[in-house]
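Next come two complexes built around chain A: one with chain B, the other with chain C.
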Partner chain A sequence: MSLSADRLARAYRNGFLPGSRRTVFRDLSLTIRPGETFGLMGNSGAGKSTLGRVIAGLEPPTAGRVCFHGRDTALMNRSEYRAFRRSVQVMFQDPSAAFNPKKTIGTSYMEVLDLIGTPRPAQKAVIAGILESVGLSGELLGRYPHQISGGQSQRLALGRILLLDPEYIVLDEPTSALDVSVQAQILHLLKELQSERGIGYLFISHDEAVVRFMASRVGRIEDGRLVIEGEA
Partner chain B sequence: MNPVLEIDALSVTFCGKQAVHAVDRVSFSLGGGEVLALVGETGCGKSVIAHAVMGLLPGEAQVSGRIVFKGRDLLALSERERSAMRGKDCAIVFQDPSRALNPVHRIGRQIAEPVLIHGAGSREEAHRRAAALLERMGLSPPGNYLPLYPCQSSGGMNQRFLIAASTILDPSLVIADEPTKGLDPGRVHEVEDELVRLTGGGRTALLLITHDLAVARRIADRIAVMYAGEIVELAENDAFFDRPSHPYSRGLLQSLPEHGFVPIPGSSPSPVSPPPGCRFQARCRDGKAVCGGQHPDLVSAADGRMVRCWQCR
Partner chain C sequence: MRAMDALKSTNRGAMALLAVFLCMAAFPSLIAPYGPSERSMPYQAPGPEHILGTTNMGNDILSELIYGARISLLVGFASALLATGIGLAVGLTAGYFRGALDEVLMAFTDVVLIIPKIPLIIILAAFLRPGVGILILVLGALSWESIARVVRSKTLQVRETGFVMSARCMGFPPLRIMASDIVPNIIHVVLPKFMLATAAAMISEASLSFLGLGDPSMESWGAMVSSAFTKGGFIREMWWWYLPPGICITLCVLSVAAIGFAFEEGEGTTVRVE
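Now for the complex of A and B:
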């Protein structure tokens, strides 16, 4: 039941000249298992976020395969692909940009539940349960995104992801925009949720100390290649 | 020696629908060649102090207290007089160089700009000074860097260019507002070296605003910890990191990676209606009855540090 990348490559067109391409990474393989954290490091521009986006299905790979439960995601039928996209979620760095500024947090949450077909009367209880697990009070639901702090919106973003009951979360620099004390709170929360729910994380960060604290296996992207520690 | 900057009971309140008390009776002084780090979490008022010193606060901000810069009270000056000082005597380096630099102008022009604005030299003179400054910063030959556009160099390089632009007129006070935020670890050291070089002559004072305690530890002489608009501890660098006194300072250090990311429970109080007693009381492990009732003052402890806590006396 793993999420894996098999000889993945991603290149972008470079400028307007046909044929000129910039390869972000190539020949990259890794596997994330349920309940496990794979830590991904690398300098700015190394391709960490691009890899996260490709694995979550937000961008297609140029070559290679992303496999979910052993199935190549490119060959999935519509309903399988929808299940894959729902089960693999992404949490981004900038918490203030995670929510629609014109909607209250409660509305943003309900939209997600509408999408997955939770009946309206049952939604309130579901949301209350999720807020409790991310350590927030229901009072926040009536607020707009600009009325909440960075740490709170990162918790809320995590809560909205949990509504979908994902199997894997790609965490793209989830604490880089936060203060040290809030960072510590969020890291502990992520660990707690992982042990309760058995979610697998792809944890992306340029901060080595944070990655080592979170991950059981660690890899680094260097010059477009993934070097996994202990697997030289 | 007279301090370069002396702040006395500075308070800043933003008067919107509700009055937000962003900074509450903050006092400190800063001498030439000295580095003072203001640390604390987002929203504690660090940047508001920086903007108050620079005179960049929006109109709805009510400022009281005194900001004495080289013997003149800045709050008593007209906007015209302050504008003449800004960028010349006191300069600010903003966070996020990719937004602080103008994307459509070459680096050389942006570094030279303060010279032209303050009428300190001709166009040729300004460019000569920009080149000489880059040379001194170890970026040689400067001809390789001056024609670049911001998008052609890394965030760390841009931050160094921004420091160059802020300091080309050799100001007595430099305020660096989160200068290392978002940079790769290797780049952080380059920017730190640049900041240390500034104060090396013993004339320029640096007010470093950061939430990165590791950076503060490496380059600051003294550390001022802010919480909910107030300074809660002000101490020498070594004394602070070896023996933090205030429970919030201790909590901050505990949340660092080397101490295992132990979080402080709860979150900061609202700046609209801060609690009457100690503002950290609700999150404090050592809290007693007196803490909730009476507001503690910032008082001197035996080793010369200042602490705002009933239990640390």
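Now for the complex of A and C:
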């Protein structure tokens, strides 16, 4: 029941000449088990975020495979892929871009519930429950993204992801745009939710202290290869 | 601040002017003193009965001018709408899906971009049956490429934002993401393009009508100048025949373009995804 990357590689074409490719990472394997946090570190531009997007299925790998529950995601049928799509989510770095600026937070929440087929009358209660678990009030639902703070935005983004009841979340530098006190609150909230729901995290950050606080296993991308440090 | 105020007042003036032309186009029978087929003495000079005189057929020039707004605005807005629709579809598809599809669509866009428009429109209008529908189709189908380029580049930018990535990750269908998350956040760059495409289409329509390639059954402003040119208006120095439609074309295009430019200028002042 794990999410794993097997000999994964990602390269980008760099111009039209043959052989002009830039390899971001290669031969990269890792496994994330339910309820555990894998911490991923590396310098800026090392390919941490790219790896997160490839594992979440937002970008295809150049080589290798991503397996969810033992199945190669590239070979999944429609219903399997839909289940994978909902079970593996990403939380991004920039809180100001977490929500569509043209929609209220409530609309952004409701469209997720519409997507998974939650009946309209039941949606209010579901949203209230989620907001309670991320420590926010329903008053924020009527606001637009530019009317809320960075910390609130990250909590709301996390709440929106939780509506899908995911098994794994790729946390792509989720606190690096926040100030220290808010950062601590979000990290504790993430730990709390993990113990309540058994969610597996791929926690990406360049901040070693934060990664070691969050993760049970830590890896570092160096020169396009993953070096796993073992138990943190 | 002063520049912004000037911009706002220009915009208000342009909007008022466009509103006048839209009223002329929407309710010509209420505003025009005579019907389009009512005739009196030909080649009359301006007077109390006919404020702008009459044509070689005895038609009231002021009434023709008012009825002519309909064709110019219809061709302008309808072909711009068509061009914007095609440009949006091509640009969104190329920018959202990227890869080979993007390269094929952009290569096709580049080909359309280098086609000399007016000569091609003249040839098409000459070979196809002249009519408003054909004119709209031809003008719309040949002026979408700059809109497609702008839409593509903006889509490439917006698709990398957190909320679009989240929507993709959650499994929203691509069409839904484009319509619900991308289009509302790029519409501010499409709107000025739409207005400028309208102005360009109105000029093209007037040019084609002047060359006698417009719809002969409907009198547009370009066709009025053409009639004045071929039916003795210029020789008789009847400036009241050829000057008013020329002024109307100029003012209408200016008002539409000014609104387009105002939208473009206002771009920097609104809250949006960057």
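Keep this in mind: the second predicted complex is superposed on the first by the 228 of 232 C-alpha atoms of A that agree within 3 Å, B and C clash if a C-alpha of one lies under 4 Å from a C-alpha of the other, contacts with A are read in each partner's own complex, and residues count from 1 in each chain.
One rule holds in what follows: a contact is a pair of C-beta atoms (placed from the backbone, for glycine too) under 8 Å apart; a residue touches a chain by one contact, two chains touch by 3 or more.
Given the structure is predicted, the values throughout are model-derived calculations rather than measurements.
Participant: Aligned on chain A, chain B and chain C: do they clash or fit?
Facilitator: fit
Participant: If we overlay the two complexes on their shared chain A, which of chain B and chain C does A:N100 touch? Say first, second, both or neither.
Facilitator: Touch partner of A:N100: chain C, not chain B.
Participant: One more residue to check, A:A56. First (chain B), second (chain C), both or neither?
Facilitator: Touch status of A:A56: second partner only.
Participant: Look at A:R120 in the shared chain and tell me whether it touches chain B only, chain C only, both, or neither; answer first, second, both or neither.
Facilitator: In the superposition, A:R120 contacts neither chain B nor chain C.
Participant: Applying the touch criterion given at the start, work out whether A:V210 contacts chain B, chain C, both or neither, answering first, second, both or neither.
Facilitator: Only chain B is touched by A:V210; chain C is not.
Participant: Which partner does A:R85 reach: the first (chain B), the second (chain C), both, or neither?
Facilitator: Touch status of A:R85: second partner only.
Participant: Tell me the angle subtended at the Cα centre of chain A by the Cα centres of chain B and chain C, rounded to the nearest 10 °.
Facilitator: Taking chain A as the apex, chain B and chain C sit 80 degrees apart.
Participant: Would you check which partner chain A:A157 touches, where first means chain B only, second means chain C only, and both and neither mean what they say?
Facilitator: Second partner only, chain C.
Participant: Closest pair of CA atoms, one in chain B and one in chain C, after superposing: how far apart in Å?
Facilitator: Least C-alpha distance after superposition: 9 Å.
Participant: Hey, which residues of chain B end up touching chain A in the complex?
Facilitator: 41-43, 154-155, 182, 184-186, 211-213, 251-252, 254-258, 260-264, 267-268
Participant: Which of the residues in chain A end up touching chain C in this complex?
Facilitator: Contact set of chain A toward chain C: 53, 56-58, 82, 85-86, 88-90, 92-94, 97-102, 108, 111-112, 115, 146, 157, 160-161, 164.
Participant: Where on chain C is chain A touching in the complex?
Facilitator: Against chain A, the touching part of chain C is residues 161-163, 165-166, 168-172, 180-181, 184-185, 271-273.
Participant: Which of the residues in chain A come into contact with chain B in the complex?
Facilitator: 43-44, 149-152, 176, 178-185, 187-188, 206-210, 213
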